[in-house]
Amino acid sequence: MKSDKTPVIVVNLKTYLQGTGEKAVTIAKACRDVAERYNVGIAVAPQFCDIYRVASQVDVPVYSQHIDGIGAGSHTGQILAQCVKDAGAVGTLINHSERRLTLADIDYSVKAANEAGLYTIVCTNNVETSASAASLGPDYVAIEPPELIGTGVPVSSADPQVVKGSVDAVKNINSDVKVLCGAGISKGEDLKAALDLGSAGVLLASGIVKAEDPEKALEHLVSQI
Amino acid sequence: MKSDKTPVIVVNLKTYLQGTGEKAVTIAKACRDVAERYNVGIAVAPQFCDIYRVASQVDVPVYSQHIDGIGAGSHTGQILAQCVKDAGAVGTLINHSERRLTLADIDYSVKAANEAGLYTIVCTNNVETSASAASLGPDYVAIEPPELIGTGVPVSSADPQVVKGSVDAVKNINSDVKVLCGAGISKGEDLKAALDLGSAGVLLASGIVKAEDPEKALEHLVSQI
Amino acid sequence: MKSDKTPVIVVNLKTYLQGTGEKAVTIAKACRDVAERYNVGIAVAPQFCDIYRVASQVDVPVYSQHIDGIGAGSHTGQILAQCVKDAGAVGTLINHSERRLTLADIDYSVKAANEAGLYTIVCTNNVETSASAASLGPDYVAIEPPELIGTGVPVSSADPQVVKGSVDAVKNINSDVKVLCGAGISKGEDLKAALDLGSAGVLLASGIVKAEDPEKALEHLVSQI
Amino acid sequence: MKSDKTPVIVVNLKTYLQGTGEKAVTIAKACRDVAERYNVGIAVAPQFCDIYRVASQVDVPVYSQHIDGIGAGSHTGQILAQCVKDAGAVGTLINHSERRLTLADIDYSVKAANEAGLYTIVCTNNVETSASAASLGPDYVAIEPPELIGTGVPVSSADPQVVKGSVDAVKNINSDVKVLCGAGISKGEDLKAALDLGSAGVLLASGIVKAEDPEKALEHLVSQI
């Protein structure tokens, strides 16, 4: 989704067993249900092998976790934008801190996604790289200080300046690009703080996927906005 | 498949548009039909996003093109053996020349595949690396001289010694490991030559996937054995 | 050098045997002599192992071909900015198309070079990535369309728009950053065209290093400005 | 050195500031002095930029920390075996856990080192990969369980089986290949234990390089054999 709805919430299933196979479908249904109930935008980013399974069964925006900077051809084991799209995805993360790309490949991937009709979220790690990414014209830049990922310490309170700085820097380069923020986000107050800092939403993972009850965790997340 | 049927033929769809999405399903059906008609083993290796779609619709052994040397956890954009298995694959290529891995990751990937119950085909590029791979205990070693991949010049006639040498070296290290050969193979006489050199089958791609009629190309391939 | 002298010419010795070991010293002397004679700025970028040998024997600005995005510590086989500096280099290439880095590592490398007191030339491949690189605040952005590298077809005539576009885009982001251009440059008219397009100089390699007489080739290069 | 002297001790300076520039020369002199005094073989592996500086000033066997799987040519920022040799090195580490290579590149690097006249130490992480590496015919395999590197917990006591198992597996594949062991080694009793397990020596780093007095640390290391 490049959703008209704000906030935008993207739930990254990583390679968590709690989000693999049929469990990806279950979490996707929770995303869909909470999104409808609270009228917010929630997308899910399952593993590649689960994109078709999720997208063909659940009416929810599906993102790929990555695409490669390649076109059709002799690229065994790589991720073709068109294949991701055919499987039912509407967008893709690019350059997640756990799957970083060269600058040339980020640029190529954004263009390949555009051609295939996929929305793009380019992940970055500080204000400077957020500004850099904005020059490549993605739909979103998602700023995630790597040292906070998976800690439960929300970037919006631990380092608000990196979010605010990214929002300003990105707007300065290309005002069409929106900013998401990630790392440590799991609760309603984190999301609210993120939005107050000028971001359009959040990218999160373990806080929801590993929660005892992911649907309740999502409800708590969106309940304060 | 670690098939009792010989030869073993693995059709790698790479990121060819001719083998993406519904076209992967079509080629998979051709593999299944020819395998039944000629009583040979034919597997198909589609892109990750197509594994579930193919495996849930076609009764054919499906291989992944790659898995990563990682377990469940925070590995966004990477390929978890268990997810590949859940999607319906029975095996995986590892270390294809277009997606090479470090030695440590090949070892880890073979073990992860074993744990998930996936057969393993480790790709190599010469006799020395074939011997190396055999020490890691995969089901198959697939020797593919990179300079011949995609050329249409079959390794079985252009460089029979690399096939014969790999068969001997692998047997010497671990006689449970079988050898496939790849690169430039597309015709019946190439397959026959590969088997005569002691391999258990072939790994091929463009010769079938880009053929005007993939099913006919497969029939021609298996017609001389 | 971040030279007051214009143009800036950087001769990349790559891993050419013609520029390895004592031959690196010979080419460095040619650079020094031509620079003095014509009052232009010429730097040389030898292999890592040759930096100390060249810098301790020849009074010429020496650039490293690469540094890694790491600090002091457990990084066997990687390139520490401080070590490059201690060996006598005054600057470094970063993200050359033959040694691309992730966006995060380009950012880290620029900062590590700054801390060590090294000038930075970040290589890019098109207008978009040139703009991206400018946000990271290097001394120079060197635009080199990869498809022209090593061809002898000069970017300044084959694709003047990529040079002009990079100059404009970079200036727009950060007017302190200068633009070099590379790929296919070897002759005096190529350098002149590059300067006319607004670049501050050129990055070149085979046209000089593999010339029968590198000193003469350098003289011809600078003779028309 | 592929030394006739046993044990073989290789001191890896990594990118420690305590082993950078002139400090690399100082540690190299300590290695030389202790080697002479105790009649053992001690080599030093400085950063690339320090190889020439060390080798031209100190009569000690110098190893590179890495070489790339490339030949002469357009390989900016990569490590050419011939350049390492010209700078004065006598050997090279390959595939250190902090600079892992693909299987194909390990093979290529061993061959490139052989052609350039460099001894080779291929680093591995368990018994299986030690066996794998032996098939490539290096002079040494250095087994270093990554989880012990830098811990000060010596592999020879924490996991003697991985050393013993590697010695047996390597001998079984190619009896010309000797085994070193690394990870956590710093004291005399660790070295003694390593030799008792059948290894020909040790690869170590922080225990010596970061010692208050590296020469004394080396003396203690060799004093018990």
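As written, the chain order gives the labels A, B, C and D, with residue 1 at the start of each chain.
FYI, contacts are C-beta pairs under 8 Å (C-beta built on N, C-alpha and C of every residue); 3 or more make two chains touch, one makes a residue touch a chain.
The structure presented is a predicted model; accordingly, all values stated were derived computationally and were not measured.
A.B. asks: Touching chain B and chain D alike: which chains?
C.D. replies: Touches both chain B and chain D: nothing.
A.B. asks: Could you tell me the distance, in whole angstrom, between the mean C-alpha positions of chain B and chain C?
C.D. replies: 43
A.B. asks: Using the average of all C-alpha atoms in each chain as its centre, how far is it in Å between chain A and chain C?
C.D. replies: Taking the mean C-alpha position of each chain, the two centres sit 37 Å apart.
A.B. asks: Rounded to a whole Å, what is the gap between the Cα centroids of chain C and chain D?
C.D. replies: 33
A.B. asks: At least two partner chains per residue is the criterion; list those residues in chain C.
C.D. replies: Within chain C, residues 97 contact more than one other chain.
A.B. asks: Can you name every chain pair that touches?
C.D. replies: Every pair of chains in contact is listed here: A-B, A-C, B-D, C-D.
A.B. asks: Using the touch definition up top, name the residues of chain C that touch chain D in the complex.
C.D. replies: Those in contact with chain D are residues 12, 14-17, 20-22, 47-53, 64-66, 70-80, 82-84, 86-87, 89, 93, 96-99, 149-150, 205-206.
A.B. asks: Could you list, by residue number, the parts of chain A that touch chain C in their complex?
C.D. replies: These residues of chain A touch chain C: 95, 97, 100-107, 124-126, 128-129, 131-137, 169, 173.
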